[in-house]
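Please see the structure below; I have some questions.
Letters A, B, C, D and E mark the chains in the order given here, with residues in each chain numbered from 1 onward.
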């Protein structure tokens, strides 16, 4: 215990990571009935966490990776170690998480004001922040898994926050269960590693994989299994459908979950043990395929929906696919960088959408547009900034990270991945600007009917005042994020330096981490190097033009005067339907679950229990009692019959002994 | 003088019998007075029996052996007798004019059984068993008022005399093959001639009489009707005291073969399994509680046989333990029945409804008794079963023990039904409250404590029965 | 290890006596004084809890082995000993028992119907449970085992719910049918061990032949397996739990079911290690089937208690699988899972019991939206559900981790299938939570009060237990392990 | 005539006839008569063993005598029970006594 | 002594006794008229008394006649007269019961006969057939020594039987007197 207070770094880590947990406990137990206090507590604690994270980043920016660990328990030959691993990646991620969570909580002060579950909301937010931060700095895969699950749990509560709504609770359940499916794979992978390798420490794993301390078979198998976790958490194909449904949660929750935290956790985990993954070529190849498929599929879905949040949800999935593609093709930094920038602009997009939704009480982009969405200047500007970043337009942050990814992809021997990446970029730009144009240039102009008109005088003013507080609580985080999106891209090189720096760092972890990071550096440098050498300008042009092409198509269809405001896909209803219904994946799952599980196994097993097992037992009982009735026939009351029985038995006994 | 002392318990019971014979000659009956006398006499008889329980010696030209084995059973029988007599305060089932004869016959029967357990000569054994049987033949049809149950008297008689005919025939074969009527000599002779059919058949047929007493399948057929048809007190007597004598005699007789005949053991195993299974299965469908207990007694005869058929002292000790436990728990149940049905009618199970409210103490006694019969620890019934099964497994009869345990599970069902009636069911009509006097309360507590004490602290009594079993040889 | 240690204070007997004395005192209190009866019950339960906590604290896991031994010759001729002691396997079980008893008594504070008999029977039951856990003599283990089973009948049949008499009879007969195999097996081992001792450790020194071990182990496994709800002997669990009253369900599912697994471990695996090896595939198979089957069958249930009953089947399957691995981790996990599941399921039943007391229904479609009217009660249930899913940092997660790790190693296919159970359990727990607590507020339950502070205490205690051992599994695993490591060397 | 087995066979025959009577006579007194045959068969056995095998010829005779006495007592009891049954049921047939069953 | 002639006569008498006894037993069992049965029983008992004579015990034979034929048969006749069973019409015998009883008896008969034939009967070491040992005196001796207890008990048996018979038959002494 004493060590925590002696070591400021450790103290900051422990405090920052765990303060939200205590906040949650305090809120749930004590301040449940005082929403104001609850929210203040929560925001305060997450702010402290964010500060801790930033200061850690600052303090350790040039320091070697740090590892704290303690033996949590021993069972047999199994040593379960808990600890923190502070290296550039985790510090970066910790900072991102801290900041985004903090911003979202501030935003929620406005967005959630007046909600009956205000305290509960903040309790879960704190829980989520706690789980996420601990996951990020986890020192071992098992610890990572534990908090990974906790993240899932917190997201379950947050997604299903409006539990009176059936669809919300359904979405929460779906998210949790689908995550679980992936997690089981993850879990099995961990067990496999535990049995085959005996240690789940992250540096050790990375080291062992790169120095061939692990057999190839075990490596591939466990890597594939662990990748299942990524599939689940980061909503990769085929487990991607929970994410759009998860939009049932409050918008800030979506922002939090789908920008930097929960869904990014999968990608984070991928990059966390990237050297380990890169030890297995097959696993990487598999991940690449999955990432590509996911990206294309979800982009296609985003093209047809009119729901604001759905668009961003699909977009998140597709961007995650991008990141997985990047990582899977060796672009360690590209993936992490895109994760970083994406965290910024996706949070921005969601939060802006949240303002629209809060204002217009609808998710439909067409209605928002008609009702004058563009009149809300700040969010309108910001959302455009976000969309530009998403589309990869210079100088927004998305441009840089997307370029990095494309260059990595281009370095792949098979150019199909690069083509897919480009195509994805086109689609991304298309659907994001489809949305922007819908709001900015609605069909038939704005209907001049303000929804506040029917409110009375004084209450109106009061509302305005209140509105102001609420509005600014939401607007300030948005503006901050917009600013970040603008400038973050230019931090590429320092960041790259930071992330890839550790190669030459001597230190206590050099033995473990050094080699691992060398590999990272090697692989990444190889990828990037190829890209830069092979045709940097060419790539640049291609990337930018892809984005612009998408925007142009969107403008043609939605933006220009007299545009039909119908997507080109509406000409092919079958495909529209296909996209709209998420490639029938949900239908497939639902049907499968209904027919195979509920109608099939469950009723079969229930029937088996009732009829065969219970029936058998009851049958035994009935048989026993029946044989009682049968035997009572021997006691028929007829004296001579009884005597006959007696004499026959005696006679038989006599005969038995004689013969 | 010492001879006289050895015979003291029997003499005491003869005295009691004579006293009631004199009472029976009086013109005006005095049931309450008879009861008081009977209780005092039986209590004194118990004391005398206990006092002479450690005596040993031979009487009547070696026809009569007083040893620990016989004395333990005599104490048990005296105990059972005082209990039955204690419960005879309201002897509504028997005409008041016949109370003196009732006590007379009870005393004679106990006397006969005491003589039975001490007899070591075939004719003495036969005469004793006939004397006790005749007393019971007469006690059973004494019941007043229930015409429909009268037939049980003739059934009991007919089956009894047939069984005794078989027994006599068996004894004659034993006499023929062993040339002697002394049991100790037979024990020496028989193992040498056990390969002769006459020896083993004689033994089996001779056992028939005792099987009849103990209600072992297939000589059980009287039990349900007699239990149901006799008046409650007589049923209690048959169910408790007479079983002790039968168990004792089977132990004594089964040992004669000296374990030299595997076929005989097989036969005993078959009979034991048949008794347990038949008794338990048919008991499942009973409504009349006494009839149910009759079937349960058939099953318990099977359990006792398990101990006996090991043919070693451990098994005999276990069987004795079981018999004693059976006495206690069976009497617990019957005492409750007699109290609840104090007008002497036949209790149906459903009439026990709400007993836990009408008399919590009796309900608890009933519960403990039923648990004991079902073999639920920590009652004596459980420990008895455990010991019996242990003895059987000591001989390697695993399947027999499994069958026994399955049977115990089956039996649990009907005991639970009785228990359910007492504790769960709401009475369909208003039953009169149960009057519980001080002595009944005392007896309830005593029974509960005895049952649990024997179950939890079996060591002392077990070593006693072991010593008794060793004294057999 | 089995040295005479009568000089010390007989703490174990004292723990046992807290229940028996409580029982006797209750018997002599007039039935009208319900308040006094409850107070006496709570006092004696808390005394037991305190003593068990002390015991847990005082147990020296560095030294390991059997401690606090009390050993007196009880019956000379066949070698029965009053032989009690605790080691790492039964110590957590003792603690579990005391916690569940304490919370169970507290939970039943509002009982008004035949209070005296209820608490008397409950203490009888718990006396049996304590006895089984602390005894190291086969005779006493069996005696206490039966003592603990029997009171279930009146407890369910008098105070139960749905189809109580049927459920009570079925459960009692079913469970006691199990003892029809246990007793012969015990006696069989006794007889094969020379017939002069029931002392577990003296018998352990006798090397039984493989045949004896195989036969005896199978019988013990079948007999105890019924109580542990091993598939296909699990159907009493849902039916019985549906019928039972709250505290009884708590104790039954929380503690009594563990007796089954404990018996297999304590008697079967101790005395018949080779038998355990011989039948380990069967155990693994049935355990895995139990995990999957319980979860899937639980999906279709409409009665809250049915659901929990099936979840118990699933969770006890994990215990069975853990035992089947015959490895340190597997058995560690199994024992830990027994503890964790005990606490968790007690919390489950206490929440369901509360809901049932207030709404008089436990049919899921009739409920719904309860979170609105009774948030605290709902959160208890949801917490338990999460523990049941195996969310990390709750006690059962560690247990599952250990068991599955061992299982994947020992029986890869079974282990992987068992992992699938994690998905299914999440699916069915959340389904229940959703349908019961989420959704529109149901006007029918509008005026139902939430859990009072007083009644929340036992639930909070259970919750904190789950969390504490989830956060600090070392506290328990060190203890368990101290015994398990030497234990597995014989396989 | 002087062989043991002749007597034994005769006694077996008497015994079996007695059993047959017990088993199929419906008249209760008829059954009682058959019971007497059983006892006599056993007596005959005793006497035969006495004559041919036993060391002390008194034993068998005494047994036979006592069995006679017992038989008399038994007959008295049996007949009285039968008479009582007759007074209640107005029949001495076995059918009068088969209501209790199950 | 013409032993052979006497032997022949004795032989003949023996077989006549056998025939009488078996016939008597059959009459005691088969006819449906209860009076015939009693007479048959008396005949059989007399035959058995004859066997006792053949076996050398005059005393027992006399006792047989006295107690059995004299007392028991007369008691049975009285009972028959008291219960007037003659007026009761007998329903036909069910054949199944008949055959089953015959089967049971036959099984028993076969069993017992084979016991008698299969057993190697051995004489006791001290067995010598001496008429002097069969004297009434010896019997009296035995009764008062070895069978003293039984002798006492049998009186109790008879007492029980008398009291029992009286109360069971329903004639309470207190009413009749």
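In this text, a residue touches a chain if its C-beta (ideal position, glycine included) is under 8 Å from a C-beta of that chain, and two chains touch if they have at least 3 such contacts.
Remember, it's a predicted structure, so these values are computed and weren't measured experimentally.
For the pair subunit A and subunit C, chains touching both partners: B. Considering the contact criterion stated above, the chains in touch with subunit D and with subunit E alike are A, B.
A comparison of the A-E and B-D interfaces places the larger number of contacting C-beta pairs at B-D. Located most centrally within the structure is C, per distance between chain CA means and the overall CA mean. The greatest centre-to-centre distance from subunit D, using averaged C-alpha positions, is reached by A.
Most remote chain with respect to subunit E, judged by CA-atom centres, is A.
Distance between chain centres (mean CA atoms), subunit C to subunit E: 70 Å.
Each chain gets a centre from the mean of its Cα atoms; for subunit B and subunit C, those two points are 42 Å apart. In terms of their C-alpha centroids, the spacing between subunit A and subunit B amounts to 78 Å. As a whole-number value, the distance joining the C-alpha centres of subunit A and subunit D reads 97 Å.
Touching of two or more other chains is recorded for residues 123, 127, 130, 134, 137-138, 141, 153-155, 158, 162, 166, 169, 173, 176, 179, 197, 201, 224-225, 282, 285 of subunit B.
Touching two or more other chains at once are residues 173 of subunit C. Annotation for subunit E: residues 97, 100-101, 104-105, 108, 111-112, 114-116, 118, 121-122, 124, 127, 146-147, 150, 154, 157, 160-161, 164, 168 touch two or more other chains. Interface note: chains touch in the pairs A-B, A-C, A-D, A-E, B-C, B-D, B-E, D-E.
Every residue of subunit B that touches subunit E in the complex is listed here, in rising order: 14, 17, 21, 24-25, 27, 29, 59-61, 63-64, 95, 97-98, 101, 104-105, 108, 111-112, 115, 121, 123-124, 127-128, 130-131, 134-135, 137-138, 141-142, 153, 169, 173, 176-177, 179, 193, 196-199, 201.
Across the interface of their complex, subunit D is touched by residues 10-11, 14-15, 18, 21-22, 25-26, 28-29, 32, 34, 37-38, 40-41, 44-45, 48, 51-52, 54-57, 59-60, 63-64, 67-68, 71-72, 75-76, 78-80, 82-83, 85, 88, 90-91, 93, 97-98, 100-102, 104-106, 108-109, 112-113, 116-117, 121-127, 129, 133-134, 138-139, 141-143, 146-147, 150, 154, 157-158, 160-162, 164-166, 168-170 of subunit E. Residue ranges on subunit A touching subunit C, taken from their complex, read 28, 72-78, 142, 145-147, 149-150, 153, 156, 160, 163-164, 166, 169-170, 172-173, 176-177, 180-181, 183-184, 187-188, 191-192, 194-195, 597-598, 601-603, 605-606, 609, 613-614, 617, 621. Residue ranges of subunit D in contact with subunit B, taken from their complex: 15, 18-19, 22, 28, 31, 35, 38-39, 41-42, 45-46, 48-49, 53-55, 59-60, 62-63, 66-67, 70, 73-74, 77-78, 81-82, 84-85, 88-89, 96-100, 102. Within the complex formed with subunit E, the residues of subunit A that make contact are 640-641, 644, 647-648, 650-652, 654-655, 658-659.
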